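In the two assemblies presented below, subunit A is common to both, partnered first by subunit B and then by subunit C.
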Partner chain A sequence: MNYVKKLSLLLVVALVVVLFSFSVYAQEYGGTFVFGRGGDSVGLDPIQVTDGESFKVTQQVYDTVVMFKPGTTEVIPGLAKDWEVSEDGKTWTFHLREGVEFHDGNPVNAEAIKWNFERWGYEDHPYHIGGEFTYYAYMFQDFPGVIKEVNAVDEYTVEFVLENPQGPFLNNLAMVSFGIASPEAVKKWGEDYFKHPVGSGPFKFVEWKQGDRVVLEANEDYWDGRPYLDKVIFRSIPDNGARYMELRSGSIDMMDYINPEDVQSVEENDDLDLILRPSFNVGYFAMHQDFEPFDNVLVRKAFAHAINKEALIGAFYAGLAEPAKNPLPPSIWGYNDEIEDYPYDLEKAKELLAEAGYPDGFEFDFYYMPVPRPYFPQPKMIAQAVQYYLSEIGVTANLLSYDWGTYLDKYYDDQFQTYILGWTGDNGDPDNFLYVLLDQTQNNCGYESEELHEILIEAQKSVDKEERVALYEEAQEIIHEDVPWVPIAHSTPPLVKKTMVKNYIPNPTSTEKLHRVWLDD
Partner chain B sequence: MTSYIIKRLIALIPVIIGVALVVFLIIHLIPGDPAQTMLGERATVEAIEQLRESMGLNEPLYIQFISFFKGLLSGDLGRSVMSNNPVLNEISVRFPATLELSFCAMIFAVGVGIPAGIFAATHQNSFFDNASMLIALVGVSMPIFWLGLMLIWLFAVILGWLPPSSRLSVGVELDYITNILLVDSIIQLNWDAFKDVFSHLILPSVALGTIPLAIIARMTRSSMLEVLKQDYIRTAYSKGLQDRIVVYKHALKNAFIPIITVVGLQFGVLLGGAVLTETIFSWPGLGKYLVDAIYARDFPVVQGGILFFAIAFVLVNLLVDISYAAIDPRIEYK
Partner chain C sequence: MTNEEIKRRPSNPWYEAGRRLLKNRIGLLGIAFIGILVFIAIFAPLIAPYDPLAQNIMGRYKAPSSEHLLGTDEMGRDILSRIIYGSRISLQVGLFSVSIALVTGVFLGLLAGYYGGFWDMLIMRIMDIMLAFPAILLAIAIVAILGPQLRNAMLAIGIINIPRFARIVRSSAISIKESEYILAAKMMGASDVRIIFFHLLPNAMAPLIVQTTLSIATAILEAAALSFLGLGAQPPTPEWGAMLTDARSSLQQAPWVATFPGLAIIFGVLGFNLLGDGLRDALDPKMKNV
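Right after this comes the complex of A and B.
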């Protein structure tokens, strides 16, 4: 290596070090961060709500026993600093951080956590009021479901005894729904607790002007260090276009859900950054095997070859998505990247159709959702495009739809020959996609595979993560071969922020804590 | 007069019962239910059953109606299925926002619409007449959505004169007492807040007031034209009265009945919540909230909200009727 090269290398290294130290040391305390979003929160008691706008706020106010590592669905310590699980997978013991307090000054200890779980899980608990506790019943399968008992072993040790081992248990505990509330505050407010949230999170609740804004302030004593921001304000600005103009006029610092046609102007604006949230969803085209000819795997494979996913993403997602080859989005551990997608190939598709005995095609019903969802932002147009692709191989799809409630009703009733639908994850565990959507006891596309079922059940019972990863990778291979659906896309929801907003790391699970975000004035 | 008002108020009771029954039936008969919309893709048959059971939706319809009506009699509209917030509480927060905006929009519409209509009528077929009626025609058919976005873009983003949306700037402190913020800021003698609230009201009022303005201007013009052709106007002119007196004292007063009717109707419509304007300007009013509730099949909110509107509408009509008597002494209520 000659001197010039060495010198330039040294320079580069020095530059990197300087830049890096800047980014570390320039972090500033103070400031108010205003986030513009599409709707108001429904409520601020995380166990009672199911909407993202509520979770955005409760994520700041509450802590969970364990939590997600920023930007991933990996579980890291939260209120518990470490934990262990018994060999049979039925007893989990968590060791809590000491000295953590709720915003009302009460201690976060084993008793408080036990009290929260009992409030959620026991229908005869005096404070099992104020809502339906939907996500508890959903994730732990009924009241009290999988969790047999919660014991406060000592002040800072809490033990969960399960009915049977639950692989996704740890991921469940990290969900924003299971934010630990101050028992005293819940008792004080009763049915109205959802308007007076008290947790131990990085920001304290200040006020909620319904339909307008929620104001939070820094928790000076947060266990993970005082937040950089003094205040966080979530404003409801329902219209995407108006929200973007608020951002341009400077009255908000960040927003989500931008109109696809505004994406370009963000990219051209030096004061704004577009960042993409890692995908946590899948939009798919399903073929119901109770109906002919979709019981024939060759037909399903032909369809997989006939749909041009890249083009769909370019046209209907403004490019803000990635083509799907698995039911799992890549942000979730266990994603099998070895699988090769069926390439877009009309000749191959026609061959497969002929081989299946349909050289002249056939006609069938194709249902699309009436409402946009994150995974299908423009369902009708996407369905029309798919209809067109399929016409290219000689099959005729009759496009049909219903209102959303009826649509779901008929979907669960197995009435659709083919349809588009999708799923957004809950707990970042592969089980939450693969078992929920495709196991033979669960799916609504007439797909039966005993082999897959056994793998999914085994993975559900295991608490050994490596073993589970291997099982889920195998499961994805089986699904790939059987083609119950054509997975279409994993959308990556866009966020737009001013460049002065630093260190905002979007999490796939749709919400993230903001105590590490700072403003560079 | 008093006995007339009392009679009209008593007549509200069958209206309320009728509206309650119709709204209840319609919202319960359209497909889809709150359990389903709450669960979305997670709406498995078992999950829906469980949720419906705990929401009391599995009771027979008439039992549900009786319990709703019992609550109504005791002033309890129930709690929102989605948020568990008492419906009355939600309405008391959001209706004042709608009222404030509607009121300002009407002031804009009346303040500009009536003078423009009078001027157009007294200068019939002039350039101003033709131009203003053309503008009024455009105004009637203006898509509010587009107008709103253009106003924000021009006055907030490009010129930066006015705030783009919402009711109060971040950082301006104001306690919400009546939830009508102009009133709240006056009560608290907080002039910074008053200015801020006022500046937030301008753009949405203009957007919301444009259609009523156009309707009022056209109605004023045609009503005035009709009156100006009457014999007594000619008499008034021939007596040598000044133009101003003839137009404002003799003509306008007589032309006012249809104008008031239109103003009242328009105000009633605006009180029903301006969904588009509220959406564009992030105005936390009742209109958008109700529409969201309909989509979510939040039965108690829809029932309570629509009932509330019906009552507001009837009361505005009553006011209009009373004002007829004030304007035209020939009208007398017994």
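Right after this comes the complex of A and C.
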């Protein structure tokens, strides 16, 4: 009897808890969500851009063949509901969801996906225009690279035939840069497509006032259910302090890149929440080896000894970062923790400079980005601090900057002697850091290493994870010895939202779909 | 005795103007401000308590205290020392860019005014076009072409101020080139160069001096504006306008970082403006014997 009583009591309690949580978590439809960010998008055709501010928007407008589970880099179904791979790892077959439409009403079918991949991969494709298709070459090594052919087997079955097995292939397809565009829209707009994006994602593109805002509205027919929000607006407010003031005054609902000095006041404010994006990035100082004297490894090592990473993190990241010794962040598999970083040691740095033949230092240009990034929340200040550290070993850095789009263009054009930049992983695979950033066919710091190239290619072709781990660990040793960069920090980027914004789950890859976000008015 | 004194007193107009300026309180205040500024600029290394570039990133945004009289900025640098060194840059910008404007503007104005005709037409239409743009916009365009550096900003500010000087000199040249003493000089065989530099130019001196002083004030302000926009002095140069930019994002929790460079700009600009006003009164021929 007692037992039954207890059990029924438990049931009642459980029922109350369930009902209560239901009332608290009853999602509401409607509302406009305004996100304040540090910079404008560069373009809205995801294959043509590499910056997070562009991806934040294209993530909403486009779907990918597969996608990442919220908050992780685990692959889950996207436009494809399931898939299989052949024994030899060379043929991947994807079965698509039926009845999905692009925002312009055209069907998302096997032909559309084939058309997109051919547009990206074939340099002689009539619509291989409007940019460099950078990410395609990053992830598939060339044009057309690893992907030998894409076949539309039937209306809803698409097949990829690869030259050789590729370890990160499935994760690559989930990347935001491979968002499937409506072929008809690309044909209609041509070179200007980047201003008129049409995908099948949870939000439709409405307008883009360059330098100011991008406006999106809910896609009523989204295959994963109508988004809770009616409208999403991405506003660019470059100054961290001004953006925070707007959040406090209520004109935006959420923001990223907060000044470390403001973190405490967020924690004290009941209307605001600080949420952390899982750390998955690296911020680095690069020295371009096409320019003297950075072709000399002793100079690069001297710089590595001259920068006090711990102090930078204490001052400019509110402690939400850890010093970097590898290009890979520690949260990714394959990270080599055996490597010992070059310690902060000015004497050693001066010795190395003298040994390299520059006892009296030298002068060079040092570029920093004009907008805050997750890995460098205060780039101008960090650049000035690095400049000061370097002045202490007798070298003179002239600080220079360009607007964000130009900055990236000049970086890809190999025009910078030294610069700070960073990377947030896109697909959870070490290949997306090491090959993309440092392989001799890809990097923009004049770094050439045949040895590293062979290891990275071998690791790409392998589908055996243990073997790949060993290869990537070796790669990091080579990079450590060659010092193409001074890795500075892996940050845990903070985001600040109003407490009324519910169910925002930050993804380590730095962008996430917003159709499950709702506002509790 | 009294009569003799009056006779001996030189009737030099410059002497008269100097006397009037010294009686003008506003002008004197301007001279005092500029004097302080120049003194600080010259003796900056002796006055400044710290190296203006020395960072201490563990001591950022410290409020004013006995250790740092005006506090520290976003890099933990001493704001007082930076303002003191910044005075050198502001004066340098003022003098250098106004010199460019003065020399070029005077030359073009004399040319246009004295020769007239085609040259007048050509030069003054170019000046009109330059005046048609808002000055700061033109400066931004020039710096955008030359690249963002303090040197280029000074050059740009110099260029945008040329038309003002050219106009002043031209109008005074036109008004006196037909006068009898110029004709007399011509008949005595004076060359054009001699007439331009010994007769026309001295007559334009009074308005030029006023314009120069006032232009230094606007040049300081324009340089600060360009640096504020990131087009002038580059970090870590302690330029007042650049200091304001960097202080912007910390306005709420560290207002002193923005306040003091702002006050410094006001001080410098006010000094030159007051002196300019004083000079205008002193050099006005209608104000004689006041």
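Worth pointing out:
Note that in this section the second predicted complex is superposed on the first by the 299 of 521 C-alpha atoms of A that agree within 3 Å, B and C clash if a C-alpha of one lies under 4 Å from a C-alpha of the other, contacts with A are read in each partner's own complex, and residues count from 1 in each chain.
The criterion applied here is as follows: a contact is a pair of C-beta atoms (placed from the backbone, for glycine too) under 8 Å apart; a residue touches a chain by one contact, two chains touch by 3 or more.
Just so it is clear, the structure is predicted and the values come from calculations on it, not from any experiment.
By the touch criterion defined above, A:A311 reaches subunit C but does not reach subunit B. In the superposition on chain A, A:G422 contacts subunit B only, with no contact to subunit C.
By the touch criterion defined above, A:D253 lies against neither subunit B nor subunit C after alignment on the C-alpha atoms of chain A. When the two complexes are overlaid on their common chain A, residue A:T134 makes contact with subunit B while staying clear of subunit C.
In the superposition on chain A, A:D40 contacts subunit B only, with no contact to subunit C. Touch criterion met: A:D239 reaches subunit B and subunit C at once. Judged by the number of subunit A residues each one touches, B leads among subunit B and subunit C. In the superposition on chain A, A:Q384 contacts subunit C only, with no contact to subunit B. Residue overlap on subunit A between its contacts with subunit B in one complex and with subunit C in the other: 239, 241-242, 245. Those residues of subunit A that touch subunit B in the shared complex are 32, 34, 39-40, 42-43, 48-50, 130-132, 134, 137-138, 191, 194-195, 209-213, 233, 235-239, 241-242, 245-246, 248-249, 251, 373, 403-406, 408-409, 412, 421-424. Interface residues of subunit C facing subunit A in the complex, by the touch rule stated above, are 53, 55, 57-58, 60-61, 74-76, 148, 230, 234-236, 246, 248-254.
The touching residues of subunit A, counted against subunit C in their complex, run 239-242, 245, 259, 261-262, 265, 311-312, 314-316, 370, 380-381, 383-385, 387-388, 391, 398-401. Within the complex formed with subunit A, the residues of subunit B that make contact are 31-33, 36-45, 47, 50-51, 54-55, 79, 82-85, 90, 93-94, 97, 148-149, 152-153, 156-157, 160, 163-171, 176, 278-282, 284-285, 288-289, 292, 297.
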